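Letters A, B, C and D mark the chains in the order given here, with residues in each chain numbered from 1 onward.
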C-alpha cells in the first residue's frame, strides 16, 4: 500500500477494497496530457510568483516533459494505489526530480486541477465532435446533390403524404446537424473558462497570475468565483446533453435506414460490409449497424440522467460523487465518435433503389393536396376543396384506383370546376416543382440549400 | 359529434373515447393569442399573395380580433370536439365571418402552424424565465453585499474545509444563474426561427412571402428545410434541458437551505411565512418550501426524459406522438416560474445567524491549510508542509484541542520553522483576507464581483 | 387566510404564494374516500383504546359519513388554505361535529395517514389496471383464434425472417401482458402493508390496536418499523415502474400497428373511428391513436425518473419533497387506463388484410432456413447447409427470383443432396406446420396456447 | 478477417470498423460458462432427438469441456472477429473437434441462445446480490442490537422531531433491504424461464425435448411463445430496476453517513481506512466511500433509462439494439456488488459518538409531542393540546430555553391541566419507552424486531 500524499493526519492506510473502489486512474488516465501541460504552465506561474526559482521550475518542467514522453511511448505504467492521474503524475515527478517535485502542488488543489484538465480535454473533444459532424454533413450533402431529382413519398404519421425529393430529405438531416454543431460551439464557449487558481474552494493566497496561466493553457476566460469553480459541472452535463440530442437525431435517421432497407419499403440498399447475416437463417442481410446506432441513444440518455442525478441536491463545494462525471462524459464522447465515423462511411455507400422510389411516388394519393389547390385556384375556398378531394379519394379507394386514373367526367361529378388541365397537377414532378417557397422541396430550392450548406461547411473550417 | 375539418374521406366519425384521448385543447389553449396573431399575419400574407382580396383579408382579421377579445374576456368557451386550439379558432372564425373563413387555412398545415405558435410562445417564456432569474440574482447580490464580512465555514465533502465569506457563498449562485441565463438566451436564438410556410412537410406552392410573415411575427430567421421544420422539436427539448439545469442548481441551494436551517448547523433562519408546522409535533418549523423546490427537480428531469423518449427513433416528418411536447414544456415553464418567484421572496427574508457562523468558523481546523502555507513561506516544500500540519491536526484531535490553542512550543516539536508570528495565520479573518486572487473569497474580491454582477444585470435589462 | 391546525408556535401566517405552492388538495382530493374510511376505522380504534367514548366515536363516524356523502354529491367544495385532503376533511368534521372532532387526530400524523390513504387507493388501482389488461388480453386472444391459419412474414431486424401465424404474433403480446399482471400482483402484495400507527416517525404511544385497524381497512399486514413506514415510497415507484414496462410493451405494439397499417406493409386496416385526417392533405388517414399511445411511453418513463430523482439521497424520515409522489402515480394510473381502454376497443375492430399477408409470406426467402434443414436431414452439417443455402439465396437475388422457382437442376449445382422432394419444404404452410415444439408457431401449438391463456384469464377472475 | 458463420450469401466481408463496433465479445465473454453448459445440454438434447449420434455428442461434449478448462486457465483468448462469445466458442469447438462441431448449432439461433445464457447468468447474480444484502442486513442488525438503548434525535424535514433509538434507525434500513430481497426473488422467478428451443423467432422444427433441456439447465419453466421469447428483455430491465431501488436506499443511507459524520452532527465516526484526505487541506478526513456510493445511484438510474429507451417502440422479434442490454446489466451487477461489499465492511466499523447523541437528544423540543399527549390524557382534545404546546415552544424559543427547564408555574400559564407529574414526560427515555406499539421505537419492540429479522435471515439461507 503506497503512502498517500494526503495521509499526514491518518493513522491507518486505506482499506484495499476502498482504495480500489475509489481509484479513478483507469478512467482519468485519458487526461494525462492535459494534466502535464497544466503542471508545466503551473510551474511557470509559480516561478513568476517567486515560489519556485528558475532552476527549480526548469527541473520540474524537464521532469514533466520526460514523463509525458514516457507515457506516450508506453514506458510508464500507472498505479492504482496512487488513485488518479494527478497523484500518479505527482508521484512520478517526485521520483524523477526529487524533493523539488513536492513544491509543484503549492496552492493548487485537486479540485481546481481536475476541473482544469477536464475542461482542456473537453474543449478538444468538442472540436473533434464538430469535425465528425461536418464530415458527415459533407457526405449527406453529396448524396443530396446526386438525388435532387430523385422523388420519393414524403411521410407524416408514416403514411404517404406528399411527393418530395430524396435530396430534400437528406438535407433535413444536414439542418439538424447544423443545430447540433451550433449547440456544441456554444458549449465550447462555456467550457473555455479556467478554474485553476480557485484552490480547494476559497481561492488561492499565492500571487499566482491566473490570466498568465489562462493564456498559457489557451483559455479565453477565467472563473470568477472559487466556490462555484470547483462545484460546477454544467459544462460536462451540457456536453452529454448535446450528445443526447445528436444521438436522438441519429436514432431517427437509423430508424429510417432500417425502414427504407426493409423488404416492404426497399428504397435503399445498405452496403454489405455494414450488414451482418444470421447464424440460423441463411437468407438474412440485417441492418445491424443502423440498429446498434439506434440502440446507443439509450446509452447516452442514460449518461445524461446519471449526471443529472449525481448533481441533484449536492451541497457546495466539491463532493466525491462528482468523480463519476468523467466516465459518463468519456462514454458519450466515444459513442458519438464511433457512431458518426461509421455513418460517414456507411452513408457514402448506400445505394438508392430508383425504380422503387419512382414507383412508390405514384401510389397513395400523394398529389391529393395539389388537387385541392387546383380547386382553390379556381375559386373554391380551401376547406371546401379539401372536402371535395377527400370524397374523391374515398371514391378511389372503393374503386381501388389511383387519383391519376380518375376520368375528368368522374371528377366533374364531385365539382364542376375541374377542366381538362387537371391531369397536369396530378404528377409528382409537378407537385415537387411547385413547392418553390424557401425551404420547399422544389429542385431549385434544394440546389440553393446545398450551395448554402456547403458554404457553411467551408466557413466552419476557416 | 362535430364534423371535423379533415373528414372529407371518412365515412365514420371519430369514436368518442378516441376524440377525448387525442384532443389537446385543454393543454394548447394557452397558445390562443399566438395562434390568432399568426393567423392575422397569415391573412395579410395571403392578401399579399393575392389569394385573399383586401376585403376578405379585412373581414378575417376583424373576425380574429373579435375572437381574441372574446377569449380574453372569457366569453368564448373552447370545444373538445374541435380537437385543438387551431381548429377551435378556425371554427369560431367560420361561424363568425362565414365562408370566407374557410380560405384562411389555404397553404397552411397544422404541422407548421403549431410549431410557429409554440415558438412564439416559448420565446416569450424564455424572456420571462430570464427575468425571474435576474430578479433572483438581484436578491442574492443584495444579500451577498450585506454579508461580505460575515464569515462561515466553507465545505467540501460536507466537512469543514476553509473559512469563506457568506457573501462569497451567495455569489457562487449568482455565477451559476448567469450561466443559466446565457444558456436560455442561446436557446432563444434557436427558437427564433419561423417554420410557417413549410406546409405539411414539403413546403408551400403558394407565393407566400415567408420573410414578410417572419417580420410581422417578430421572427429573426425562417426555417430552411420544410421537412426538418415540421419534424423538429429541438427547441422544446433545449428549453426543458435548460430548466433541468436551473432546477438542479435550485436543488443544491435548497439542500443547503435545509441544512443551514437545521438545528445542527443553525446558520440561517427561514422566514416563518415560508415554513409550515406539523399536525402532530407542536414544536416543528419545517423548511417545506425549500424541500418542495428541491423535490420539483425530479419533475423537470422527468419531462426531459419524456421528450427525449418521445423523439427517439421517430421517422420524419410530423408524428402525432409529438403532440405531448406542449404539456411537458408548459409544466417546466410553470415549475420554474413558481420556484423562482417563491425564492425571490423567501431569500430576501432569510435571517443570518451571525453568532453561530462566527463560532463555527473557529472550529474544525479550518486554517490548517494556511498553517501549511506558513511553512511553505519558510521554505518547506508544500507536500512536506502538508504532512507536518496533518500530524499537528492528528495531535490536536487526540488532545481535543483547536489549532489556535496549540502552543508555539508544541508546534516546534513538529517543525522548527514555526516562530512567534504563527498565531496570526490561524485566524479565519486572515485566511479569508489572503484569498485575494481573482475569484477568491477576500472581501475586496467579493466587492468587485458584486459590482461586476450588478453591471451585468443592468446590461441585461438594457 | 385560514388558521392552520399546526400553527400554535407560529407568529405569522403563511405567505399566500407559499400556501398555494405547497397545497396539494387539487391533487390528493382523489383520496377523499380512503381518507374518510381510514378516519372511521381510526375513530373505532380510538374508542377501543378508550381515548374516545362510544358516543364520541359515533358522533365522529356519523360526521365523517355525512362528509363522504357531501363530497360524492358534489355539495362540498375543498379549500386550498386547508392544504390537503386530510386537513380539509378534519376541518369539515370539526365544523360539523364541533370540539369532539379535534380529538380524531390523536396519535396520528399526516405522515402515516397519507401513506395509508395512498396504499388503500393504489391497491384498488392495481386491481383496476390488472382488469384492463385482462380485458385487452381477451381481445387479443379472440383475434389470435380468428387468425391461427393466417400466415404473415415474421421479422427480425425488421427484415423478413420466417413465416409465422398472425395468431402466434398476437399471442406474443398476451404473454407480455401476463408478465405485466404478475408484476402488478406482486406489487399489490407489497402495497398491502398498513403504516397507520407509525405516528410521525417513532410509533405511537397510544394503545391503538394496529391489527384491528388493519383488519378494518382490509390490509393483510402491518408495517414493522415506524421510521421506515413513513419514509418508504417503494410501493409507488414499483407501480410507476410496472406502468413503464406496460407502456413499453404498448409502444412496441403501437409501432407495429403504425408499420402494419402503412402503405408499404398494408397488413392491417385500423378502424376509421380511431384514425384522423389531415387539415391540409385530403387523402390522409393517420393512425393517431397508435401514435399517441406510443408517445405516452415517454410520459410514464418521465414519472419514473421523477420519483427516483425525488427519493435520491433523502434522509429519513418524511421530507416534503415526497408530496410530489401522488401526482406522478395518478398520472401513470390515468395514462394506463386511457391507453388500455382505447386499445381494447381499437384492436377488436382492426381488419386483417389477408390477401396482402398471404402474398407477403411468399416473398423474401422466408423458407431458406427450412431448406437448410432439408440438407441437415440428408446428413449435411448445419453450418455447411447454412453456407450452401446462403449461396443459393445470393444466386436468386442476382437472378431476381424467389426460392420456390429455382429448378432442381439448379439446386443440384449447389449440393447433390437435393432431390425431387425439396419443393415441399419451400412453402410457408409447411414451414409453419413444422414449428411444432412448445412455443412454436404451428397451428396446433397456437391452439393449445390459446386454450391455456383463456384458462388463465378465467382463473384470474375467480 | 475471419470468415463469418453467417456469411454464405455475402460477397464482401465486413468493414473492419463495423466489425469492431458490432462485436460484443469484450462484454459478453462473461457468459462463457453459461454458454458452454448450455451447449453441452443442447448436444445431449440433439442426441436424444437423434440428430447427433452418441459418439458425435460425446465428442462435442468433450470438446466443450476442454474449452471451458482452457478459458478458466486463461489459455484461451477470444477473437474480436468472431463477434461474440457464442461464435467464439463455436469456432473453438470446430477447430478442436472438426466438422462434427458444425452440427451443434442445428436448430438453435443466437436469439434463443443468448437469452438462455443471459438468464442463467442473471439467476446466479440475483442470488449473489441477495446474499450480499443478507450479509449487510446482518451487520446492520448487529449494530442495531448494540444500540438499542442509544438514543438520538429522529428527524423529519431534517428538523429534530422526536427521540428515537439508534437501533431503531438502523432497523429501518433492514426493512428496506428486506423489500429489496423480496423484489429480487420475484425477479428470479421470472428470469427462471428457458427460451431455448424458440429458434430465431418461430420455434424449432426439430423434435428437441425442451423440458429435458430445462431440467438439464436448472430452469423451472420454459417459454410459451417463441416470438415473445426472443424479443423479451423484461427480466433484464426488472433487475436493473431492482438495482436502482437498492442504490436509492443506499443513497439515503450514504447521505446520512455524510451528515452524521459532519462536524455539525458528529453522531458517528467513519473508519479511517474508509476515508480519504485532501491533497491541499491537511486536516481533512472525507467520507469519500459514502459519497461515491451515493453518486453511483446515478449510474444505475442511467442504465435503467438506457434499457427502457432501447426497448421503446422496437418491433418484434429480435433487433440488434438489444445487444446493449448486457453491458447495462453487468454494470449494475458490479456496482451493487462493490457498494454492498464495501458497506458490509465499513458499517461494521463505524463508531457511535454516544456523548454527542445523548446531548443532542435533549435539545430541540423533541418531547413537545409527549407534552401534548400529557394534556390529552388530562382530557384536552388533541388539536387544543397541540396549540397549547405550540405556544409553549414559541415562549421557550423567545427565552432561549429548552422545554425541560420551563417551570410548572410557567406551564400553568398556558394550561391549568399541568401538574407536578409533567416533568417525567419531558425526558427522551420516557418518550422512547412509550412508543411501544408494533413498529415503535421502544426498546422492547426493537428487540422483537431484531429477533424476527434474524429469524428471516436464517430462513432465507435455509
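In this section, contacts are C-beta pairs under 8 Å (C-beta built on N, C-alpha and C of every residue); 3 or more make two chains touch, one makes a residue touch a chain.
As the structure is a computational prediction, the values presented were derived from the model and not from experiment.
Colleague: Show me the overlap between the contact partners of chain B and those of chain C.
Modeller: In this structure, the chains that contact chain C and also chain B are A, D.
Colleague: By the contact definition above, name the pair with the higher C-beta contact count: C-D or A-C.
Modeller: Greater number of contacting C-beta pairs: C-D.
Colleague: From the C-alpha centre of chain A to that of chain C, how far is it in Å?
Modeller: Distance between chain centres, rounded to whole Å: 34 Å.
Colleague: Using Cα averages as centroids, what's the distance between chain C and chain D in whole Å?
Modeller: 23
Colleague: On chain C, where are the residues touching two or more other chains?
Modeller: 5-11, 105, 111, 156-158, 161-162, 199-200, 259, 277-286, 288, 291, 294, 297-298, 301, 304-305, 308-309, 312-313, 319-320, 369, 386-390, 393
Colleague: Note which residues of chain B are touching chain A in the complex, please.
Modeller: Those residues of chain B that touch chain A are 5-11, 51, 94, 99-100, 102-107, 111, 154-158, 161-164, 168-169, 171-176, 179, 182-183, 186, 190, 197-208, 210-211, 222-232, 234, 237-238, 241, 244-245, 248, 251-252, 254-256, 259, 294, 297, 301, 304-305, 308-309, 311-320, 369-370, 373, 376, 381-384, 386-391, 393-394, 397, 431-432, 434-442, 445, 449, 452.
Colleague: Within the complex, which stretch of chain D touches chain A?
Modeller: 4-15, 17-18, 21-22, 86-87, 105, 108-111, 199-200, 271-289, 291-292, 294-299, 301-310, 319-324, 328, 338, 341-342, 345-346
Colleague: Inside the complex, what are the residues of chain D that reach chain B?
Modeller: 153, 156-162, 258-259, 262-265, 277-288, 291, 305, 308-309, 312-313, 360, 363-366, 368-369, 371-372, 386-390, 392-393
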